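My questions all concern the structure below.
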Amino acid sequence: MTERATMIRLRINGVEDEVGASTLAELLKHQGIDLQARFLAVAVNGAVIRRADWLAHPLSPGDEVEIVRPLQGG
Amino acid sequence: MTDPLTIAGTTLASRLFVGTAGYPNQQMLLDCLETSGTELVTVSIRRISLEGYAESLVDLLEGRYRLLPNTAGCVTARDAILTAELAREALQTDWVKLELIGDRETLYPDVEQLVHAADQLVRSGFTVLPYCNEDPVACQKLADVGCAAVMPLGSLIGSGGGIANPAAIELVCSRSPVPVVLDAGIGTASDAALAMELGCDAVLVNTAIAKSHDPQRMAAAMRAGVEAGRLARLAGRIPKRRFAEPSSPQLGLVST
Amino acid sequence: MTDPLTIAGTTLASRLFVGTAGYPNQQMLLDCLETSGTELVTVSIRRISLEGYAESLVDLLEGRYRLLPNTAGCVTARDAILTAELAREALQTDWVKLELIGDRETLYPDVEQLVHAADQLVRSGFTVLPYCNEDPVACQKLADVGCAAVMPLGSLIGSGGGIANPAAIELVCSRSPVPVVLDAGIGTASDAALAMELGCDAVLVNTAIAKSHDPQRMAAAMRAGVEAGRLARLAGRIPKRRFAEPSSPQLGLVST
Amino acid sequence: MTERATMIRLRINGVEDEVGASTLAELLKHQGIDLQARFLAVAVNGAVIRRADWLAHPLSPGDEVEIVRPLQGG
Amino acid sequence: MTDPLTIAGTTLASRLFVGTAGYPNQQMLLDCLETSGTELVTVSIRRISLEGYAESLVDLLEGRYRLLPNTAGCVTARDAILTAELAREALQTDWVKLELIGDRETLYPDVEQLVHAADQLVRSGFTVLPYCNEDPVACQKLADVGCAAVMPLGSLIGSGGGIANPAAIELVCSRSPVPVVLDAGIGTASDAALAMELGCDAVLVNTAIAKSHDPQRMAAAMRAGVEAGRLARLAGRIPKRRFAEPSSPQLGLVST
Amino acid sequence: MTDPLTIAGTTLASRLFVGTAGYPNQQMLLDCLETSGTELVTVSIRRISLEGYAESLVDLLEGRYRLLPNTAGCVTARDAILTAELAREALQTDWVKLELIGDRETLYPDVEQLVHAADQLVRSGFTVLPYCNEDPVACQKLADVGCAAVMPLGSLIGSGGGIANPAAIELVCSRSPVPVVLDAGIGTASDAALAMELGCDAVLVNTAIAKSHDPQRMAAAMRAGVEAGRLARLAGRIPKRRFAEPSSPQLGLVST
Amino acid sequence: MTERATMIRLRINGVEDEVGASTLAELLKHQGIDLQARFLAVAVNGAVIRRADWLAHPLSPGDEVEIVRPLQGG
Amino acid sequence: MTERATMIRLRINGVEDEVGASTLAELLKHQGIDLQARFLAVAVNGAVIRRADWLAHPLSPGDEVEIVRPLQGG
C-alpha cells in the first residue's frame, strides 16, 4: 500500500472492513496472503476472479469478497 | 482384482472414497488414506482465516489422491454453485460433490434445489456427484440433468446408522443409469459390504474411520468390506430360503 | 495382519472355516479353498459305497488343510459319538464338529443331547466344536464340559438367512469363555463381516460359497468379509446416533 | 477266501448280508477294499476297530459292521 | 376413546383411512368400511365409459363417509391439477389426495413436481394431502406451501412391505408441522400399529385389506392395530434395553 | 369376537396374559388388569416377611382372574419344583409358569433343566407352561413331556427388545403341538401384534405395561395389539412383494 | 339433436370423434349421459365446466372434452 | 405355647432361629401368622405340608421350614 491508496469499505469473508486497496491483488497482500500460494480462490460479488486477473481486478466500495481454500471435509 | 469403476471417463481402481475430516491428527489422516487404498478423497472449501495463511492439507494430498471438493453446509443453490466454482479455481478440478442441505439439524439434502443446482453446474462444465436421498425418482432426475453419479445417503450424516432402507438403495441401484455411491451413515465394515451387495458402485466413508478408536485399522476394515461386498455382488449370492438345506451328504450316515 | 485364532492350543491364521460339500466339481472346491485362505475345512464321515472304493476327497486336502470331521445328520448321541470315533480313526485327528440334529427338517440342534455327547467326547480325548444355537446358557454348558469352541447358528443350515438374531449372537460372544464360531446361515459377505463385528472369533461357510453363481469369487468375498469384520471389531466402531453430525467444518462457509 | 470259510450273516453298513469271512480283514477284502487304503475306519458293534487289529478281529454272526471314509461335508 | 384427529379444521374420530379399490365385490367393500370404523375413504377419478353410465360406487358411500378423491396415476402436474379440479366438481369437496407419480413401475412420487402442484392447488382453495416420500425436507416444503397433511410412503404402493425406514418416518413425524398419514406399504396390522407408534397421526390402508384372504377380518385387524399403536404412542413405551430386568421380586425366593 | 384359546382344557376369551409386578401402585395394577381384558395373571411365590403378614395382593385378584404362579428366579430344578408345589398349595391351582433361569444376569432359561423339571411336574399333576427360548427342538421336547403350552422369549426379560428373532418364533409356532405364548421382551403394542401374526396363540406382558408412562393406556394398547395381531393372522395377510402394485384403476386416467 | 346440428370433430376422453352437438349439454346427451346424474364432472380444454354452465357452453372443433366420475381408488 | 415348650433350632425361610415350638402350627403362631390366613403355604425339608396337617406336624431340630405366599410377579 502506498499513501495514495484510498480507503474503501468492503465485505471480506462476511466481515465489513475498510481497507486501503484498489485492486484484488492489493487487498490480498494487505490481508497478508502470499499471491503465489497455491489452492487459493477468490470471488468478488459472487463471481470467481481467476488468479491471472487478481492484479487488474479493481475493487469498488461495497464489494463482497470471498477468499477460500480447501480444508478437511467429508 | 481388476474391476475398476469409471465415473465421467475417469477410472478408479478403488471403490472406497474417503472423507478427510475429523481425524485425531494429520498424520493419522494420511495413514488412514494410505491404508484405505482410496484414490478419491473429499475436501471442503472454506474461507481462509483472516489472521493468516497456513500450509494446507491439500499440499499433502495433492498428486497422491484425486480430490473431490464438496459444498458441505450450503443451504442455497447460489452458495453451493459459488462454492463449486471456487473449488474449481482453487483445485483445478471440475469434479464436485454437490451438497445442498435442506435442514441444518439433520443435514438431509434438499433434492428439489439439488436438481436445479446440478443442472446449472453440469451446464457450466462440472462433473457433478450429488449427495441425495434414496429416492429413485430424484436419482433419475439427477442423472437426467447430467450428473456423473448419484450419492444417496445410507442414513443421516455422521450417525453411523448404516443403511436404513436397503430396499430403497437396491431399487435406486437397479435403475440408475449412472454409478451409485453410497454416502453418509456407514458405521462399520459390514455396512460398506452390504452397500456394495445391494448394487452400489462405491462407498464414501468419513466419520466411521476418523472417529473409530483405531482409525487406521478401521480404514483397513472398510477397504476389505468394500472389496468383500463388491466380490459378493459379482459372485451372486445364494437366495434366502425359509427352510434348511443340508450341506453334508444325506445318504450313508452311520446308524446304530 | 497377525491376529491368529487359537483353538485348543492350535493357532489358525485364517478365521474363515470352509465346508467342502456341494461344489460344482472337485477342482472348483480346491480353487475355492485356496482362494478363501482357510486353514480348516470340514468333511463328513459316510459309509463307503459297497460297490467299490474311489479315491477320496481327503487325499487332495490332506497336508494342505487341517480337517474337521463333522457328525452331520446324526440324531442320537450314540451315532454322533460313534461317528466321531470313526472320524478319529480315519483321519487321525481328535477334532470333531459335533452335530446332533433335533429335527430333520430344520436341522436345528438338540442342545440337551449335545451337551451330553460333548461331555463324553471330551472325556474320550476329543477336541469338540459343537454346532449349537444362540443360547448363552447352552453355550456356557458346552464350554463347561470342555468344548474347545462353540458354533452357534446364524440361521438355519443352508438357508442363507444371515444372522437372524444379532443381539443373541453378541450376547453369546460377550460371555463365552471359549472361541465362538458362527456356523450356518451365512449367505453373503456382509453376513460374515457382521458376525465378526458382533464378536465371533471365526465363521464357517459352505453353501454360500459352493452354491454361488461364481464360487471362487464368493470365496474371495468371504475371505475379505471375515477380515473386514474382524478389523472393524478390533478397531472399535463409532456408536450409532439418532442424529446427524457434520463431518466437514461448520465454520467458514461461503455465504452470499 | 478259502473253501474252508464258513458263511456268516452280518449287517454291513446297514445291509444284511451273508459272507464267507471269519475276520474283519477277510470281510474287507471280500468287499473289495484295499486294506492299505488310507482314511478308512471300521467299527464292529459300535466299537471302532483300529487298523492294526483288523487281521485278528474275529467276526461273529449278527455282527454289525460300519465301514466309513471321509466325504465332502459342511 | 376421545382422541380425534383434526385435519384442516375437520375432526375425524377414526385414524384409519381406507382405500376402496380391489375388493372382491362391492358388498365386501361396504362391509370392510363399516368394520374398519373409518370416516375417510379414498376414491379415484376416471373417465366414464362411453358405452354408458352405471350407478356409481359413490352413491353407496356418500353421506356415510367423507370422500377423499385421489389423483392416482397422474405423472404431470397439469393432469393431477385437472383431476383434482374435476374431483372437486364431481364430489363437491375441496379435499384431494395428491399423487404425482415419478415412475410408473414403482409408483414412487415425484416430490419436486408434487410441491409445485400442491402449491397451485392450495392457492386454488384445495385441502391438499400429498402422497410423498419419507423425506423430512420434502415434507417440510409440502407443509410450507400449505398442505393440510403429508402422506409419506411406508414402502412401495401395494407391496405390503411395511415400514421400510422407521427411523425416517419417525424423523418426519417429529418435525412435521402438519399431521402425518402413513400411506402405502402397510401389509398387516402390526405395520399399522408401528406407524402410529412412530408418531404418525393416521394410516391409509387399501390393498392389505382388499386383497387379504378375509378382508373384513383384516379391516377389523387394521382398526385394532391403529388403535393399539396410537394408544401405545400416547402411553409412552418403555425404553429398549440391552440387558434383562427381572419383573418378579428378587428377594424372598424359596431356596433349598 | 369368539376366538377363544384353550390351554389344558381351560378356555380363555382373552389372549393377553398380564404380569402383576412393578406397577406404580396396587390400584394402578387393578386398573390395568381391568383395562387389559386379561383373564390370566401371573404372580410369584415368595417367603413371607417374618415381621408379619399383610393382606395379599391375591385377595384382590382372586375370583376375578385365573392366577398363574411362576417360579421366577429359580436356578435349580429342585427349587423350581418346590416353588411350584408351594404355589399349588397356596393358590389351589395346578397351573404353573415354570421358570428355570440359567444365568442370573440375562435371566435366560436353562432349557435342559427345564425339560426335566417340566417332566417331573407334569407327572405330579401340574399344568406346566414353561418359559423357554425360541428353540423349536426344545419346544418340541417340552410338549413331548406334557407341557400345556410353551412360552418362548421374544427378547430378554424386561428389555423391551421386542421379538428379536421373528423367523424362529414363526418356526416354533408352525411346529408346536401345544399353544405358544410369547413371553418376555414385548415393549410396545406392535410387538404384541407381530407376535400374534407370527402365529403365537397368546402373549404375556408385564414390564411394558407396568413401567409405561401411562400404564393403563398401555394396557389398552396391548389389548388392542393382541386383538389386531390375532385378527390379522386369521385374516391372512397379503404377501410381501418387492414391486409396486397400483390400487386405483389403471385405465381411464385424465390425460391432457 | 335436430337435423340442423352441425357435425364437429372433438376429442372426447382421449378419443377423436365427430358428433352433432353444439353445446356441452348436447354432447353429453348424445353420449347417453343423464344430465342430472350426480358425481359427474366435465372439463373442456383443461378447464372444468361447472354443471350450471353445461347448457350454455358452446363447443368448437378440436375441443378436448373430459367426462369423469369417481371410481374405486386407493 | 405353654412353658413346657422346648426350644429347638430351625432354619425358617433361610434364617437360623431357636423357637419354642413342637409342631408346625405352633411355629406359625409363634411367627405371628394367622393360621386361617388364606394363600399361605408351608414346606418342611422340601416337602409341602398341607394346611390340614399343620397342627399335627412335629418339628425336629434342624428342620428347614419355608413359609410362603403369593406376591406380585411377571
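Chains: A, B, C, D, E, F, G and H, in written order; residue numbering restarts at 1 for each.
What we mean here is this: contacts are C-beta pairs under 8 Å (C-beta built on N, C-alpha and C of every residue); 3 or more make two chains touch, one makes a residue touch a chain.
This is a predicted model, so every value here is computed, not measured.
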item: Partner chains that chain A and chain E have in common; value: B
item: Winner on C-beta contact pairs when C-F is weighed against B-C; value: B-C
item: Chain B and chain D: spacing of chain centres that average the CA atoms, whole Å; value: 64
item: Length of the line joining the C-alpha centres of chain A and chain G, rounded to whole Å; value: 68
item: Interchain centroid distance [CA atoms averaged], chain A/chain B, Å; value: 34
item: Shared interface positions of chain A, touching two or more other chains; value: 13-14, 43, 46, 66, 68, 71-74
item: Chain C, residues touching no fewer than two other chains; value: 19, 21-22, 44-48, 70, 72, 78, 82-83, 86, 106, 108, 157-158, 161, 167, 206-207, 242, 246-249, 252, 254-256
item: Interchain contacts, given as pairs of chains that touch; value: A-B, A-C, B-C, B-D, B-E, C-D, C-F, E-F, E-G, E-H, F-G, F-H
item: In the complex with chain F, residue positions of chain E that touch it; value: 1, 19, 21-22, 44-49, 70, 72-74, 76, 78-79, 82-83, 86, 105-108, 156-162, 187-194, 197, 206-208, 210-215, 217-218, 220-225, 227-232, 234-256
item: Chain D-facing residues of chain B, complex; value: 246-249, 252, 254-256
item: Residue numbers on chain G that touch chain E, as the complex places them; value: 12-15, 31-34, 37-43, 46, 48, 50-51, 66-74
item: Parts of chain H lying in touch with chain E, wherever the complex brings them together; value: 13-14, 43, 46, 64, 66, 68, 71-74
item: Chain A-facing residues of chain B, complex; value: 19-23, 29, 42-48, 50, 52-53, 56-59, 67, 69-70, 72, 78, 82-83, 85-91, 157-158, 204, 206-207
